[in-house]
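The two complexes that follow have subunit A in common; it is paired with subunit B in the first and with subunit C in the second.
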Partner chain A sequence: MRTIRNRLCTAGMASGMAVAEKGRSDLGKEVEEKLHEFITYLKQKNPHSSYDVAKRTVLLLREVCSKTRWYSARDLITNIRAAGKKLIAAQPSESAVGNMVRRVLKIVREEHASCVAGSVDEVDVRALLQGRDDSDDLSRQTPHLKGSVIEIINDLLGELELSASNISSQAPDHIHSSEVLMTTGYSKTVEAFLKAAARKRKIEVIVAESAPFYRGQELAKNLAVAGVETIVVTDSAVFAIMSRVNKVIIGTHTVMADGSLKAINGSYALCLAAKRHSVPVLVCAALFKLSPQYPCSYDHDTFNKIVSPHDILRFSEGQLVSKVHVQNPVFDHVPPDLITLFVSNIGGNAPSYVYRLISELYHPDDQEL
Partner chain B sequence: MGEQGVAVRASVSSESQLTEQETDELVKEFEAALDQNLSEAVAAIQTLLKFIKTCKVGTISGLRAELKVATETLIKARTSTVSVSSGCELFLRFITMTSLEGQNDFEDLRRKLIKRGDMYLQKVADSRQKIAHIANPFIRDGTTILTHSRSRVVYCLLKEAMSSGKRIKVFVTASTIDNSGEEMHQLLQDAKVPSKVILDSAVGFIMEEVDLVIVGAEGVAESGGIINKIGTYQMAVMAKALNKPFYVVAESFKFVRMYPLNQGDLPNDEKYTSVNSSEDSHPYIDYSPPQYITLLFSDIGVLTPSAVSDELIKLYL
Partner chain C sequence: MSSPSPKKQDKEEQKQKAVKAGEGKKGQGKEDGGSGGGGEHGAAVKKPTTKAERRALQEAQRKAKEERLAAQGKGTAKQTTSTSGGGAKRSQASKGGEGGAKLEGKPLEVPRPTRQRNSSSSTSVTTDDHRPNKSSKSSKKATEQQVETGRRVKQLQLFSHLQQYSKAPSSPTLPWHSVSTYTSIHPAIIKLGLHYSHGVICGSNSRCVAMLAAFKKVINDYTTPVQKELRRDLDAHIRPFINFLTHCRPLSVSMGNAIKYLKREISKIGPDQSESEAKRLLCATIDEYLELYIVKAGTEISKLCQNIIKDNDVILVYAFSSVVQRVLLDAHCSGRQFRVIVVDSRPKMEGRHMLRTLVQKGVKCSYVLINAVSYIMKEVSKVIVGAHSLLANGYVMSRIGTSQVALVARSFNVPVLVCCETYKFSDRVQTDSIVNNELGDPNDLVQINRRQGNFLTGWKDIPCLGLLNLVYVITMRP
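After this line comes the complex of A and B, so read on.
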């Protein structure tokens, strides 16, 4: 993580890059095949684990770096963007894909800058004032770029692999003895977090079952098997039971740029109930879930995902099906003021600090691919 | 650096080195720049840049002293002094930053300042358009928007939203202290944006019909709160009470190094019109704290209120 001072030194202004980077891309046969394989995976299997999606995206992008033909950082960025765009188009609701594409793009930019001993262009007032021109162009050839980019991508893969254990290792810092915790749905990260807490402390976990997918029941079973005292409640009982709860701990699908969540439905109700009772809400989310996009249209098609109504009303109940509309949205949008703390693999952060993580992880020019 | 912040707002204590003719020319230049539909801050920067080109000083400290006087002249010449002083402060910072790069020759420095200053003016020239582009996705088709008084950035954004095929409806508050809401309404009518003027006191009534609130700003404080035309604060509180998003559009040169904790913290010469700055006169601007602001759109991107202080630290540290 670079510090503010570092960032001051590297301030600069970028422009016109997006235009220049739009070019033809030639990924080569082998990479194209892998790309299509991954696209099929994104389109077919449902729901995805966002860890798997993130990891597979990075692996694919590593292939793009090592196997496609490119001569300069700009070519490479064009190739990565081309692949990234196809992946995002295949499954727009999986934001982990876009996040990883942008992370890799930032890696390329940084490595290129360090190869030519320059600085990464940034957009801020200081840069505007200093009138830096954009001479540090990405089309310069850099002989060692490939090796160093792949090395950093491997580091990123390592970060992904360790993220769950890094998060769960913080559990004892946040959870005290004989606390009552509440969660909803099923998140692997939360499961590991709660289990890690239970190893050190005596805790009680209340799980909302999370209809209509009932993945909360799955989590409750896993916790019970691991010897954690667990209670399953219906989603509608969340408010009634909140007065007994000490902390709410949830996972999320995505953390948006303003610190709001795109999380499994039922999360909003849970967080509102927590707010009403002044119960702290902890969100366990690895950094790959951090998206640089703002929820500018959170009731929009691109934000939510509406899936088959089968879980709510089965087709066999045919008489009813013809008479009612059944909607089955997957996500809730939880505004940032309901969240107390994000627990990520690099530590705990308040929602108001999310913007800072984003400016460190992503380059502003990569907002739009 | 603190010394500059004070200098900008210091009253006329320093001995004036400008002749009456020079002062007149400066003000005339400034007025001319304002007539080109430039924002006050940009107009001030442009005027000061021209001033550098013509003034006859031979040292940096001489230049700075001259500029301080020039700044005071500009602040006195204009009603919306927050933007003017933010522009001037930015300009002084710019001079410090450039002079710290180690020129020995003053003429060299002067040339460099002029070159960079022109470059900066070029870059900020299209910042309104840039903001409109950034903020446009946040306006959906069929949105009803409430705005306050007259703001060129808001106007630019609404026009952009309209031309991208969205059907929007706009309510503008009259802003009765100078009826600038009527001007805004006229501008919107000319651009074929459906708009309606409402009374300042009708904000509470209208809020339930509105999907989001967009306002401009005269200055964006370090806290992420905004200083804007009187009436903005009540609108922000009302929007929060009814859970409507409250968006601010402001160019990055409007970021000022102030940290007001309440309305009383706003400097008097900015709170009241500089023409008549007695305590009895009606306040012209108010301060809306950051907790009421959903997001800020600026030419350097979409910012949460807490990100503003970061940008200011990057600039002034």
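After this line comes the complex of A and C, so read on.
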């Protein structure tokens, strides 16, 4: 039995406005305030830690679930989508926001299905075989949905908080004694990973300084102060020193749906050099960095973020700057064939397995928010 | 010599304990030795020591050290990689014995420079049995430097066989070389050496040209001593200059080849030629060499490349190369329409020099750092780089970072061209970039021109941190 609202939902963009407006009015003042606060935070130009962004998104969505008025799963999904669209529009390059929104949506769908029919697997298989439309089910009123959704969101928060320590606890499984490891840029996950490895094994770390942001230098200093033997090299020395490196361990900003990376500038050259010398590349990334989006084109212009050239050629060299085109991209695309292993909080996976993780974490209907 | 008084023995034991404790802690030997020495200083002030007592103390210390080293035996002399208690064993330098002795000397050295200089030199004579005691200051300094790096991170020991970086000081008052060495070297060579060391003259071609110009001056100022022949004595006269230049900065392959040529020409001089005639001849051959092998070679390379650069090309160049600059400027002057992308890297940032010259002549340019190479490579049609030297197995030795640019270019199917004059060809073969390279100043990595300041300012105080500044890299065939 389809209601008018459902037909509107499945119609498309034209009805989107009406639905969104309905969604906005359902969000409530308190939640709207928090939403605006978060949007302001996202719009700031400072580089945000993906973990912070993901955590704040989940907290905000928990507020949306608990404090807004909704009567069925369909309403809740609408509310979350409305909030999510605004957040993504505020900072499109921050993929953690979209990832968490889609995770929560999947949680809602799953909980609804389990509330309605008892076991998730049963419903999925039956629905697949009979080609039943999901939208019917979602408008059904389920009394315990709110409680179970909030509970699972709390689990998600717990998973987020423990992701770094889960990854670093796997360090001794991948690192043997007297290894020389190489990394670039500054990833908190990689820092924890290396420190955990140093506690159990005798290792040495070579860090490429990753100009022009020099995050690698920061990482090197932190590691050395913690007692890990570290060497800082320039980015240009990566190929020269690669023949003596045993493993490359990098972090990433996002893991795309085909297993490729959106990582810090310089990762592509590092992974190429590693492949040339047959050095395995380990990518330490928690699951909240996994995005269901594919890199749309290898034309980096749409994929990348370009920031001020001041770090490369100072404005004080005005003569030069006015005549020269200076580019300062932030990200780098690393294709999946250069990566050996993804180390995530649920364990190690090959890049070819990423599609499976995505089908478990996200729902295909949520691809377009 | 009077036997040490009981009070002196106590103090001596205390000092030994302090020294041992100092060596036990990694990397803190200096401080503890200093505190031990400071304590003794305080004690010494209370009771003024006579010269004999001080000498007695020194003897006792020397005996104790000998005993200790004898107990350790060949352990410190061998090249070990394990770090087992004691700061002395931590020195993993390849010249282990001398280095070990020096490192042990170090905690004692700091508080009492006047006394310990004797003890350290004596211990190096006594313990260093299987290695002849090299008296030349340069090798001693090299050993000290190796010990310095040896005390640092282990991985840097990969490079402990190379000449460690030492910057020639700007003021001649620092004992970088003994004053006598300075006075015997021609001022043009000293100037040249300082230019090399401070990076004023940089780049294979410019270094070679400057060196030959300086040698012309040397030859003109040279007078054959009595009863000696020019063609035999000039060689010996030049040798210490070449050593001096090598200490300032290791010779480049271009310089090495030019020196070989010069020596050959010197030996070809007839015994009956007058001095002025010989000098004139030598200067003429130097000019000819410059003209033929450097200038004309550059012109020929440029001519060949004119056919390679086509209209609407996007050419990527890396850092600075005089040959590549010549090629691009000639192509621009001949009317070709192309644009250039200059890729630069830290810490030398030589690409800016290339950029300035190109922009001045009106070439359309872009500028990126080496990390962004994968971002811009999709637009590039050709990569043209210069070389420091071409090895006998076909590998290219060039500025560090070139191999990375070439690797990324290959992954995008962009052709890479190397421009190299024949006088830079070398007989050597090399398979990796570590066995033969040059180490630059590690402090160059610290300065990053950020408003918030540098991350690595106090890097020397952090024992686990090392900085590596390589200058060259080998680019292999794919």
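FYI, the second predicted complex is superposed on the first by the 320 of 369 C-alpha atoms of A that agree within 3 Å, B and C clash if a C-alpha of one lies under 4 Å from a C-alpha of the other, contacts with A are read in each partner's own complex, and residues count from 1 in each chain.
Following the convention adopted for this analysis, a residue touches a chain if its C-beta (ideal position, glycine included) is under 8 Å from a C-beta of that chain, and two chains touch if they have at least 3 such contacts.
These numbers come from a predicted model, not from an experiment.
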Which of the two partners, first being subunit B and second being subunit C, lies in contact with A:75: first, second, both, or neither? neither
Using the superposition on chain A described above, determine whether A:111 touches subunit B (first), subunit C (second), both, or neither. neither
Go through the superposed model and pick first if A:259 touches only subunit B, second if only subunit C, both, or neither. first
Contact-wise, after the overlay, does A:220 reach subunit B, subunit C, both or neither (first, second, both, neither)? second
Is it subunit B or subunit C that touches the larger share of residues in subunit A? C
Which partner chains sit in contact with A:296 here, subunit B, subunit C, both or neither? Use first/second/both/neither. first
Please indicate which partner A:364 is in contact with in the superposed arrangement: first for subunit B, second for subunit C, both, or neither. first
Would you sort A:353 into first (subunit B), second (subunit C), both or neither based on which partner it touches? first
Check: subunit A residues flagged as touching subunit B and also subunit C 300
Which of the residues in subunit C end up touching subunit A in this complex? 153-156, 158, 345-347, 352, 355-356, 359, 365-376, 378, 399-401, 403-404, 407-408, 411, 432-434, 437, 445, 448-450, 455-456, 459, 462, 464-470, 473-474
Subunit C partner, complex, touching residues on subunit A are 180, 204, 206, 209-212, 214, 217-218, 220-221, 223-225, 227-241, 243-244, 265-266, 268-269, 272-273, 276, 298-300, 304, 312-314, 319-320, 323-329, 332-333
In the complex, subunit B touches subunit A at residues 90, 93-94, 97-98, 115-116, 119-120, 123-124, 137-138, 140, 252-253, 255, 294-295, 300-304, 306-307, 310-315, 317
Under the stated contact criterion, what part of subunit A meets subunit B in this complex? 4-5, 7-8, 11, 13, 123-126, 128-131, 257-259, 294, 296-297, 300, 352-356, 359, 364, 367
